[in-house]
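The structure appears below as structure tokens.
Chain naming follows the written order as A, B, C and D, and within any one chain the residues start at number 1.
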Amino acid sequence: MSALIAPRDKASDRIVPPSGFTVLLTSFTAGAMAFLTVFALALSLATGRLADRWASELAQTSTIRISAPAEQMDAQLRAVERVLQTTPGIASARTLSEEEQRQLLEPWFGPDLPIENLPVPKLVEVIENSEGYDSEGLRQRLAAEAPGAILDDHTRWRKPLVSAADRLRMLGFVAIVLIAASTAAMITLAAQSALAANAQVIGVLRLVGARDSYIAGAFVRRFTLRAFVGAVGGTVLGTLAVALLPDSEVAGNFLTGLGFQGAHWIWPFAIPPLAALVAHLATRNAARRTLRGIA
Amino acid sequence: MSALIAPRDKASDRIVPPSGFTVLLTSFTAGAMAFLTVFALALSLATGRLADRWASELAQTSTIRISAPAEQMDAQLRAVERVLQTTPGIASARTLSEEEQRQLLEPWFGPDLPIENLPVPKLVEVIENSEGYDSEGLRQRLAAEAPGAILDDHTRWRKPLVSAADRLRMLGFVAIVLIAASTAAMITLAAQSALAANAQVIGVLRLVGARDSYIAGAFVRRFTLRAFVGAVGGTVLGTLAVALLPDSEVAGNFLTGLGFQGAHWIWPFAIPPLAALVAHLATRNAARRTLRGIA
Amino acid sequence: MIELENVAYSYGGGELLSDVSLKLSPGSFHFLTGPSGSGKTTFLRLCYGQLIATAGQVRLFRKDVRELSRDGVAGIRQRIGVVHQDCQFLDHMSVTENIALPLMVSGRGGGGAAENLVDLIGWVGLTPRANALPAELSGGERQRAALARAVIMSPDILLADEPTGNIDWDMSLRLLKLLIELNRMGKTVLIATHDLNLIRAAKSEVAARVLRISNRRLQLAGSDL
Amino acid sequence: MIELENVAYSYGGGELLSDVSLKLSPGSFHFLTGPSGSGKTTFLRLCYGQLIATAGQVRLFRKDVRELSRDGVAGIRQRIGVVHQDCQFLDHMSVTENIALPLMVSGRGGGGAAENLVDLIGWVGLTPRANALPAELSGGERQRAALARAVIMSPDILLADEPTGNIDWDMSLRLLKLLIELNRMGKTVLIATHDLNLIRAAKSEVAARVLRISNRRLQLAGSDL
């Protein structure tokens, strides 16, 4: 970055009038945009994690329910286990114990249900691996080998949930792109209005023999530095705000960890240099265009 | 609004130099901010609806489960009904039919469960009215009059969900306030940099005998109009974008109706006039301060 | 019209003008001279209320400048025409619009004003440049435009700061004639200049008094001019 | 140094200058006169590459202006000192910094330059105002500062546009002496002015030629001056 922003104004940068408000405007814009970017980033990352979790948890567990007369139960259970072992894409399968089934039923029957004496179906929890299995094929094989087994593969739940999460994540990224674009546009406009307001300064500098690169450089450094400073401020405030957001483990875990986690902490730190880069390019273009425009 | 923004520039507004970039910057800022406001507004309103729904649905339905030997069942059920009738804050109560209970149990037992022959507890669905009931008091009265009845009032679910939704709604409103504040700040800065850049214009106007109100008025009208135009653009784009967001009825209904519904459509239409008002006040302050500052 | 009583002025450092008293009566014609940096422009600024005297009293149209509100000053400026030393214009408006600016600002743009405007532009020789922008004018053209703007409202007082600094001799004499004509119509005229030839030329036509700033004081110059 | 061959110029309307040929040899001293709006400033602008002739050829230091890049023009400007008619400064920098601007821009700020700078500021009589901002200067002080800035790089050519328009006679003579001194050091000097007294004063000291623009042509003025 040190090529883009000098540690402080060089002597030659004094040729750019301080013009407090345009500079303040640039810093403020960069800051506000950085702040919003941090939020959008946090939202995107959180929804990303959410989508991943939904995709994996919901997709990877299915249930097979075996309803059969008591005497056929064990045979069908073994048949199901055999089928599952030879089905590609399944990581593991496990028959729920009576205790687990009792817990599932407790809200309806109370803790004292004599589950041993009931024609309760057996439940097999199936966990697929990352490739997933062919649910239609599995269903047909089960129908053939264990007629009492019914596959409940959550497909109808999974798809819209995952796509909803993906849509949220995309919304976050679109927001980031929009914010970056507006930042670039605003800094360009601020730089351009500063340059236009300083047409006379440029004229004087040309009169005394300043090269265009010299003039442009001074403006570019000024604006890049100001955008960087503003973005640092905005990022720090935004990150603090995100970190201070109360965590909540509820609402389908939707709000969990709107904050940054682990390696994702790198992202907010990337915002100020990126803002400086955007400002650098925007100002350089604005300066070149303006300098070409002024005779 | 017509007091704030003239339909088009008056002749006297020509005294303000067009200074394209500052004006463009103002329109663009207002537009971008209006766009973001529409999104934040949509988010707030949607979360508001979500919070209301969660608060009402989850809070207003509780379940009483009565587990008792078959011969006491009817007596306890009547006792429970009596207790509920005399409990303030309860809108209605209804015993679930066997058919409804069968549906609840189907995922675990299949459709053929002989529910009549089972020691299945009775379930009473309780709907509270808007005041709500005192769950601790109800629990004690039930313990006294129907010892087999257990109240499951969802309290431990309700509170964090509702507060999570409220937090989201607050986040939306905070975002709106932040955006409005940044818009005001940016427009102030833009106006101030325009005024500062035009110190010479102001000097000339004073020299020929223009009153300060005349000078300020021209700047204020210019900026108010530009902010209004920008905000209209941003609002239209933002509303279109929100309207085009694919609806999804999933994810705990979280994404349902991120768009505006019914009377809420009024809100986005309020954005441009509000932006113009903010611009008007911001520019007027900036103009007054600058005019006082320039000798 | 303009009265100064024991006026002093300083920009913050030492005093630039001390104990200056002067009364410009209606219809009088004055020149103001003095070396560069002696305070001629400063003196004129005191006379149209852009600067407030640091001591003493300045009265414009019988009103104490210190007691005038901003709007009061604006009202008085509409009755005083000023030609600034570095002629100031609105760069985005044409020469004609700039000259008409005082009319526009005071809301008197209609009717006879427009005809008057065309005449006046012809008078200062800017008809071929009437639609140009100020930046497209030559130095002398700018000064003539500034003079035209100063007289468009036919003000009671005309203050001109080096109005002929960039203008050749023939044109200077023409402008001087315009000023003398205005003076004959009863206007008060005060011209700051370092051009002694101009003063001599005027003296042959009008009863002009010459003031000189020297050593921070305002003096009546001798008859050697 | 500066050669014009059959040069014409127009700002878009009719031709302002036609068929102008001139060769300024090193060490020559020229005045340029002509009525207001005749094209003196335009002519000077052609001579330092701010305007490109619409016809004919302008050569600066043997280079055709049309073939110079922007940076080439910048390099040449460092060898030509220009006093603009409306002296242009950077308003946020002090008088001293403004005068030193050409040094700064060309990266030659150190050592002897600083001493030279102080001398020069004394020479134009701005020592008491050295730390003021340009807006705090009087008209004449601004012109002197502009002249100081034009000569600080000790350029090979000095072009001055009405350098004494706002300056009293005594100070004008002092500045003229500075220019004559520079000319004796071998610098080429070209001064646009409408002040015939100044030209007469110079002619008694130096072999100055007087050019006059009239009817779009450049002529050598007769010996009546």
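Please note the rule applied: contacts are C-beta pairs under 8 Å (C-beta built on N, C-alpha and C of every residue); 3 or more make two chains touch, one makes a residue touch a chain.
This one's a predicted model, so the numbers in the text were calculated from it and none came from an experiment.
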Set of chains adjacent to subunit B and to subunit C: none
Name the chain whose C-alpha centroid is most distant from the C-alpha centroid of subunit C. A
Could you work out how far the Cα centre of subunit A sits from that of subunit C, in whole Å? 68
CA centroid of subunit A to CA centroid of subunit B, Å: 23
Measuring from the mean C-alpha position of subunit C to the mean C-alpha position of subunit D, what distance in angstrom results? 29
When you draw the chains as points and link the ones that touch, which shape shows up: line, ring, star, complete, or other? ring
Among all the chains shown, which pairs meet the touch rule set out at the top? A-B, A-D, B-C, C-D
Under the stated contact criterion, what part of subunit C meets subunit B in this complex? 50, 70-71, 74-78, 82, 84, 88-93, 97, 101-102, 104-106, 149
List of subunit C residues in touch with subunit D within their complex: 11, 33-37, 40-41, 85-86, 129, 136, 138-142, 144, 161-162, 165-171, 194, 196-197
Please give the residue numbers of subunit A that touch subunit B in the complex, ascending. 19-22, 24-25, 28-29, 32, 35-36, 39, 63, 65, 67, 101, 104-105, 107-110, 112-114, 118-121, 123, 150, 152, 160-161, 163-165, 167-168, 171, 175, 178, 182, 185-186, 189-190, 192-194, 196-197, 245-246, 248-252, 254-255
Can you list the subunit A residues touching subunit D in their complex? 11-12, 14-15, 17-18, 200-201, 203-214, 295
